[in-house]
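Across the two complexes that follow, chain A remains constant while its partner is chain B and subsequently chain C.
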Partner chain A sequence: MSGTEYLSGRRRARSRKAVAAALQFLVVVATTYIGLLAVTFFIGRVIPIDPVLAVLGDRAPAHVVERTREAMGLNLPLYQQFFIYCRQALSGDFGVSVLTTNAVMTDIRRVFPATIELATLGTLIGALIGVPLGVLAAVKRGSIADQIVRVIGLVGYSVPIFWLALLALLVFYARLKWVAYPGRIDIVYEYTFSPITGFYLVDALWQRQWDVFRDVFRHIILPASLLGYFSLAYISRMTRSFMLNELQQEYIVAARAKGLSEARIIWGHALRNAAVPLVTVIALSYAGLLEGSVLTETVFSWPGLGLYITNSLQNADMNAVLGGTIVIGSVFIGINLLSDLLYRTLDPRTRAR
Partner chain B sequence: MSALLTVEDLRVSFPTRTGVVEAVRGVSFTLGRERLGIVGESGSGKSQTGRAIMGLTPPHAQVTAKRLAFDGIDLLSAPPKLRRDLRGKRIAMILQDPKYSLNPVMSIGKQIVETLWRHEKVGRAEARKRALDMLAAVQIRDPARVFDLYPHEVSGGMGQRAMIAMMLVAGPELLIADEPTSALDVTVQLEVLSILDRLVAERGMGLIFVSHDLRLVSSFCDRVLVMYAGRIVEEIAASDLANARHPYTQGLLNCMPVIGADRHPLPVLDRKPEWAL
Partner chain C sequence: MSLATETRPMTRREWLLSDRPQSRLQARLGRAYMTWRRFSANRLAVVGLLILLGLCFVAAFADLLAPHSPVIGNLAGARLLPPGSEGYLLGTDDQGRDILSRLIHGSRLTLAVVVLVAIIAAPVGLIVGAVAGYAGGWLDAILMRITDIFLAFPKLVLALAFVAALGPGIENAVIAIAVTSWPPYARIARAETLTVRNSDYIAAVRLMGASPARIVFRHVVPMCMSSLIVRVTLDMAGIILTAAGLGFLGLGAQPPLPEWGAMIASGRRFILDQWWVATMPGIAILIVSLGFNLLGDGLRDALDPRESGQ
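Then we have the complex of A and B:
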């Protein structure tokens, strides 16, 4: 047997296993998704809101109610309703929002980018500051720096976000005038600026509208920093404990025995290992922010998904609420997949062999 | 024989809440380009002696010595940068269990090349070639394949060979092997030992072989130090082990099974408090 033959056999076995892993992956996603649809469907049927009543109001004549009920498919057997529901959901049709009279999907397409933009910036801030802080706390364990990081984390855990948000508005907007007032964009630009993707920062950059970019940045930076602070509290705490665990391992001693510098050992060896579980932590915190941080969005009048769903809930707008829930659920599934994939690239031990 | 390493009255102690624990209490020896075995039971200070020479004791430990010199360099007064430069380049160390002492998320080849790059300015292709040569030198049959493998993909014996390759690639003059075969299967132990034996002989390295296995050490080393409770209780030529004078060494020898002889019941190791004084 020649060496190349052996290698190609190995490669073939590898690719077959990769296909099997991908299939398994798909099955997991599909079942999770069916579960998500089933739960939302169930909720939609159980709660005491009559969809016909919500559409027609309570003064409609009986025969109109009956006709509408039939038109909406509510007289069909439950399994058929579920089937129709699944088909509609999968094609992105969640019905019409009673509150805004738009298709729910149109509404979500409008509000979700606002939340994604805020959550992404928040997570970036949280991870880019939280991870180094956690590393610092682990390396200088028991020192003043460690204590300071601990207090920062503790405050982030225990202070209610709406209080801190109001305080931050008071200081940075009302007093110091460093940032803009609540909202996404200045009223001056609201009608002159036509976004393409709905991510205002990206759109402004794309269209080279620097003044708009600056204005959008001044609007987003405060809420993003607050969300970032709260995810930082969590991320730095987890980073610290993962790093402490890694720094005790024998391969760290071996790395020192090779004569590597402390920086190389900490960032190249220990953090590279700690990054594996950290990916999951950061992804989960990101997913949490994508749900729409209702309190932050309320305080900053941020036209995001959290605000949209809350408003819909208060107005018994079932289609909007269920549609939003399904979108959030899909995002959760997507982010889980992504962190799974990252996990595989970061840790050779979890790769399909 | 010129002294490669001089150790005089080495002490390592750890301050703890309940008082100072002295792990090493006045160890002295000199080492040329020879093989020195250090044996002793767990907690006798043998590993800490090796780590103190490497400069790898934990930061809260206190290391003192009248003299701790490697090739004329005073290690205790040397700046940290110099000590880092020495580590891996001139003094290297092999750890016990390749399962834990190799970085799990870095390929074996990369870990070997990393040592090289730390100490020498070599190009990518040159570094790869030297790592492959080193893997071949530790008798890995298919170096190019092993180069790209991760530590979890190789066996314990293979992992320990990779560890040896990683530590010897920069050509150190002194090698400290801290229980290098204790985590391996007995059959693999001999293979790894013979590789180590050949490399030490070929390259004329000094070797400190730390182990709890007296028989292994005596067959492998020129000279043996027997440690007990942080002190050297006996220094003896390996060939002369049968004539050991110290009762602790005699006790250790006494515990070894003899093929064909009925050793039941095995003698229990005698420990007298006055040995630890």
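Then we have the complex of A and C:
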């Protein structure tokens, strides 16, 4: 075998491996998504309320009930119903919300930016404070600082978020008057400010409306800090254990022997190596915040997807509930798989040889 | 030492730590003693254990400990009294019910939710994981794919949807939480099974003609127990928080049941003027889930030193 032949053979094998990995990834995405749809479909079917009677009321004559049942496709075999359900869900059609009489997808498109904005700011706060705290705890292991970080994390794991949110409102809004009342923006601005993207902070900056920006900031800072605290608890704990792992490695000893400064060793070498798993952790905590926003938004009357779902729940608006569940589930699955993929591609050590 | 018997002239400690145990009982007790030594060296873990023992005690003797009825209040003379009022240590809520008594009775609900979820979700995960790991092949692939699908779901939102479909109530909340919390147990059980399935003692049992079911249930499952117990304990705090969250949204326990999350929800209206109505149940939730977290950390360090990250 000549050298070139050997090389091209190896390249072909490598590309085949890449294709196989991509295919496997696609299978994972598809099955997970079908699983999500199957579960929501199942939930939609086990409700004790007959969907036909929910539309017509229980005094409708029998033949009308029968005709509507056919029109809604509920007389078809279950697998066909599921197939239709999947097709509709994939094209973003979750039916009509009974509460708002809009298509569920229209509603979700309206409220989702609020949730994204909140969760993004929360993750930013959590990561910007959590990572340095975790590094500090790892470097000063066993010290008072380490204990404090540990307690902050433990309390974050143990405290009910809605309760902390209520107390925060009581202290920072009612007593200290540092932040604005629940909601997203003052009524004064609600009709004068026309958002473009739906992310109010970005929109206000873009339009240079500084008073609006300040008002929006005063509204978002408390719920975002609360969500940030919860991701901080998780991020600082994981950062600490990653950093402890890195600081025991031999290359740290080598760097010390070379006479590098302690700051350079910690931030330039150890944290650099811990960064890859850390990216995964931050992505996962972002997904967690999207979910955690359900309870936070309820307390802060934040007009996002979480509040939309809970409002629909209280009004037995199943289309909206399931639609919201599928959207949050999809984003959640997407972030989960993406962070997995990121982990594998960013870190050369985990790359398939 | 007085505890040493005439036949075995060694102290109880020596007997427990003997490296040549005379019986299975002695070996087991010795191991348990070692674990306890490691566990009790961690002071925070002991605090966690004490908190949970306290919870069990309060739940068991709620009727004796509670000074007032948890559901019938004194509407005429005791509405929204602040903490420290005469006869009402933690104050009263809007219906004149003693908050302390409600918290004491609510501990039963919390304990019930946690125990029920644990005894539904843990065995399911254990069996799925052990069977998948032991059987291998396509059965493993299918079971683990299902597990991964459930693992990728947002737990709270899915539990919300389940409860929305099944109807609010504490039983349905338990079912919804259990449905969403078994997958990590299956992953752990499978990982443990994979490490023992090719060991000599499994081969020996197989040679003696044990059926696969017997091997899985008698010889594989016990090996998964310690890491499973650690994980379940660590998850308990999350389960309590989810249950309280469902209660807060009005989807868990229904009034007048003194569920802590629902109590916070009902105190929400008075948060600005009567802060104690919503604050007290939150403190109870915080203490109990902190207890589970501390205990779980301690157990992990004692039972499973590899995972401790220390």
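Worth pointing out:
Operating definition for what follows: the second predicted complex is superposed on the first by the 322 of 353 C-alpha atoms of A that agree within 3 Å, B and C clash if a C-alpha of one lies under 4 Å from a C-alpha of the other, contacts with A are read in each partner's own complex, and residues count from 1 in each chain.
Heads up, the rule we're going with is that contacts are C-beta pairs under 8 Å (C-beta built on N, C-alpha and C of every residue); 3 or more make two chains touch, one makes a residue touch a chain.
Please read these numbers as outputs of a predicted model, since none were measured by experiment.
If you put the two complexes together on chain A, you find that chain B and chain C both fit without a clash. With both structures placed on the common chain, the touch criterion links A:Leu284 to neither chain B nor chain C.
In the overlay built on the shared chain, the residue A:Arg272 is in contact with chain B alone; chain C does not reach it.
In the superposed pair of complexes, A:Ala103 makes contact with neither chain B nor chain C.
Of the two partner chains, chain B is the only one that A:Gln249 touches; chain C does not reach it.
When the two complexes are laid over each other on chain A, the CA centres of chain B and chain C sit 80 degrees apart as seen from the CA centre of chain A, to the nearest 10. Of the two partner chains, chain C is the only one touched by A:Gly35; chain B is not. A simple residue count on chain A separates chain B from chain C, and the partner touching more is C.
Of all Cα pairs spanning chain B and chain C in the superposition, the closest are 14 Å apart. Contacts of chain A with chain B, set against its contacts with chain C after fitting on chain A, share not one residue.
Only residues 145-146, 148-150, 152-158, 160-162, 164-167, 237, 241, 244-245, 248-251, 261, 264, 268, 271-272, 275, 278-279, 281-282, 285-286, 289-290, 292-294, 309 of chain C touch chain A when the two sit together in their complex. Taken together, the chain B residues at the contact with chain A in this complex read 54, 56, 84-89, 92-93, 95-97, 100-107, 114-115, 118-119, 142, 145, 150, 152-153, 163, 166-167. Touching chain B in their complex are the following residues of chain A: 3, 7, 249-251, 253-261, 264, 269, 272-273, 276, 346-349, 353. Residues 28, 31-32, 35-36, 39-40, 43-44, 46-48, 154-155, 157-164, 166-167, 169-170, 174, 241, 244, 287, 290-292, 294-295, 298-299, 309-310, 313-314, 316, 318, 321-322, 324-325, 328-329, 332-333, 336-337 of chain A are the ones touching chain C in the complex.
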